[in-house]
Amino acid sequence: MRILKVIGGRLLSMVPTLILATLVVFALQRLIPGDAANAIAGEYATAEQVALIRERLGLNQPFLLQYWNWVTGAFSGNLGSSLHTGEPILPLILDRLPTTALVATGALLIAVMIGVPFGVWAASNAGTRIDRFFTGITTVGIAVPNFWLGMLLVLLFATTLHLFPATGGADPIRDPLGALHSAVLPSIALGAVGAAEIGRQVRSAMIENLQADFVRTHRAKGLSQGVIVWRHALKNSSLPLATVIGLQVGTFLGSAVAIESVFGLSGIGSLVVTATNQRDYPVIQGVVFVLALLVLAATLIVDIAYRILDPRIR
Amino acid sequence: MTAAQLVSLEGVSVSFRVGWKRRVAAVNEVSVELRKGEIFGLIGESGSGKSTLARALVGLVPISAGRVSWADGRTVTPEARSRTTATQTRSQMVFQDPHSALDPRRTILQSVREPLDVQGGVPHAERSARALEKLELVGLTAEQGRRYPHQLSGGQKQRANIARALVTDPELLICDESVAALDVALQAEILNLIQDLRDRLGVTVLFISHDLSVVAHIATRIGVMYLGEVVEVGTAAELAARPLHPYTEALLSAQPMPVPSWAQPRDRIVLSGDIPSPISPPSGCRFHTRCQYAVEGCSIVHPERDSRDGDRSVACIRADELVLSGVPVTILRPRIEEVR
Amino acid sequence: MAGTVAATPTPRVGRYGRRPAPQITYWISLAILTIVILVSVLANVIAPFDPIAQDLSDTFAAPSAAHWLGTDDLGRDVLSRMIFGTRVSMLASLLAVGIALAIGLPIGLLAGYLGGWVDTALMRVIDTLLAFPAIILAIGITATLGPSILNAMLAVGIILSPSIARLIRAQVLSVKEETYIEAARSFGARGFVRMILVHVIPNSIQPVLVQTSILMGSALIAEATLSFLGLGVQPPDPSWGSILSRAYTFNTLAPFQIIVPGVTIALCVFAFTTLGDKVQERLDPRRRR
């Protein structure tokens, strides 16, 4: 029962975040000199045509009213229509979401599966040359731009070795295997850099724990280093670890968006870039909203997961 | 307000809000006076409200009831919320921890000067000179004034704190556990310094401590506080010879005696239980739950502090009947010749 | 987006009881950054060609004596573009970090010093910003305001400000409890100038300065990413990200052009991050007394 209350509370606290985030993007439109209506109407439109468009888009209404209309629509599933093509936005986003989500999930999995063990290992050998080596490697890892790594991978594996497709991605729903195939390289690119980041944070979370007194007690009891590290310290670190991973979900989703142009994937990223060039604000807003929702939902899931895992929080 | 009084507290209470609704009175209707040029020692355990009383006197917390009347006519009441400049220059405090009381990023001289910088009043050019003067007074050199806190020892830092407290020439110097963080040899030095300063400057000192022997060393009069109230006042010699309040007796008996246990004149009084929470204090006399002499009336009547002969006063309904045992005053003041 | 908020801690004593010696990576990082700064400042002097001068007769030239790094798709000298790009990328990152400080410091200071509902409200806003995938917000802001390097760096600055705000707030919270603050209040200090400028800020600022170095690394990657997406530096201006983007577009014709900009970015971010890490290690309060 308590869990449900917690979930309810978290869901409730998500709402102000969502509103704030979308309000920021919505408000920014106001800062632009000129007008969306002008941008759409084009250079040769007459004043009346522009005014007409403005009326139709509801741009004459007070700001908050516009926002209210949009936000209520958004929460009920209607994200408006693209200024450019007139298509409804939500289906547009949902159509492209699986591609991006696939890459993001793949990257997250790779990053966690590599980063966490290495981070723990480095933490248990803290201060030694192994550890310094690890820190050096991970610093390089986070310094490398992930999209550049993607490029290198494409050059090597796709263009030269022809093992993976260089560009284009299959739709995960209609062609799952093809989609997986084209998601491999991007996932690796993101995952490698992400592993470095996660590794660093895991290491720093674990170091605090390993130097704690309870470790000394366990060691005095005669438990081996392995058991201490993997069972006890890890369990105690589960809270910060889960927080770290939870925070990374958003980052991976964001990176997946950015990396799409390298691999020619038609996911959310390319949608946003196109929308930017076309000044298609409703689309941008819609994307921000959906992504924010996803990130918050993911954080919520992680949060619940470790409340279940760690009895102390309950 | 007699000519000799510096400041008089009448029915002063200081309370804080706890949670949404409840209030806790850290200081409960305290009436006491400080006389010019004396060193008044205030002792009590932690939680007795002595530090809160000090902060009220120096203006860091507002009083919630009663009034504080200074010799020159200024008064502080609960309504006078903001700390007036008057109170600021009038009383200054020396805090307990010498290390964190000085800003680590400023030199000693800058820190000692700071009250003058804040309060204005003294022309810019004179301020460093005054600060140096005070540094000299406490036994620090100008060279030390140029150093940073981490380069000074604990004792030197506390001297600097005292110098800073004196730089505005206050009438009242409040020392809140100012020697508690120092080792015993240093304690004696600082205590002697404080007495010296009193003699030279004529400043009144309110010395707060939990340690009776420290206070007895230099105090003219001593006040004993328990759970926000002053329960007994008297000189060190009077208190030691014949305490009037059971709590005072217990405190005295807790003093370590430099004789083997078989030679000790009486048994140690061990108070039962812990000090009650100030949020819901015991009814009637606040000490009755731990007092070995308590009778039924003690839980009903809240004793006022009445004067006895001379300067003594005590808050206990049985004060006249009880004969409490004291300790030889030499226990409190081992080297009585050195006390000036 | 890369860039950890807190640099990794290093325990004082290694496994065999020896303290880790100041390492060679520190000196390498310092060297890298010095070179980068020099190049940025002296760009006009040392670049052999005009970075935007085109020569369509000599596109995709291989590295030669005249063009050390070859030419790009419009015949422009890559080396000169990289040199000027250094200046652009550095300035852009500085701008972003500057904005992050300008936003984050006041917010964190106010929240920490005033406490109460001000603190709660401000931290809510900060946490909201943090809950967001940074890149998405950066893209969103830049997209809405219009692609330009200024807008992009404004967005990045906004993204980076929460970590500064959190950091200084934590410092202020602990400084607030120090006795010298109470002492100052006891002799009447109250105003903004005396309390905050004289006492609070000097005692709180150190971790922020360290973090600045690490944030420069993050800003650099952010600039590269946004420019890569066409949202940052606009053509024909060079920046590491835009050079990389262009090189990749034509990667079938001259695949190796993507190496130099990428390596440069990585080296520079590595240097910033390592510097920040090392400085934080040295300043670890456990070593101070």
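First chain written, first letter: the chains are A, B and C, and each begins at residue 1.
Basically, a contact is a pair of C-beta atoms (placed from the backbone, for glycine too) under 8 Å apart; a residue touches a chain by one contact, two chains touch by 3 or more.
Since the structure is predicted, the reported quantities are computational estimates derived from the model, not experimental observations.
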| said: Edges wherever two chains touch, nodes for the chains themselves; is that graph a line, a ring, a star, complete, or other here? | reply: line
| remark: Of all chains shown, smallest offset between own Cα centre and global Cα centre goes to C
| Interchain centroid distance [CA atoms averaged], chain A/chain C, Å | 21
| task | Mind checking the centre-to-centre distance between chain B and chain C? Centres are C-alpha means, answer in whole Å. | result | 53
| Which whole number of Å gives the spacing of the CA centres of chain A and chain B? | 60
| note | Expected list for chain C, residues touching two or more other chains, is none
| message | Using the touch definition from the top, list the residues of chain A that touch chain C in their complex. | response | 16-17, 20-21, 24-25, 28-29, 31-32, 125-128, 132, 135-136, 139-140, 142-148, 151-152, 154-155, 159, 193, 197, 200-201, 203-204, 207-208, 211, 250-251, 253-255, 257-258, 261-262, 272-273, 275-277, 281, 284, 287-288, 291-292, 295-296, 299
| Complex interface listing, chain C residues touching chain B | 178-180, 182-189, 194, 198-199, 202-203, 289
| Touching chain C in the complex: which residues of chain B? | 58-60, 83, 85, 88, 92-93, 95-97, 100-106, 111, 114-115, 117-119, 150, 161, 164, 168
| request: Spell out the residues on chain C that touch chain A in their complex, using ranges where they run on. | output: 1-4, 6, 8-11, 13-16, 20, 23, 25, 124-125, 127-128, 131-137, 139-147, 217, 221, 224-225, 228-231, 244, 248, 251-252, 255, 258, 261-262, 265-270, 273-274, 277
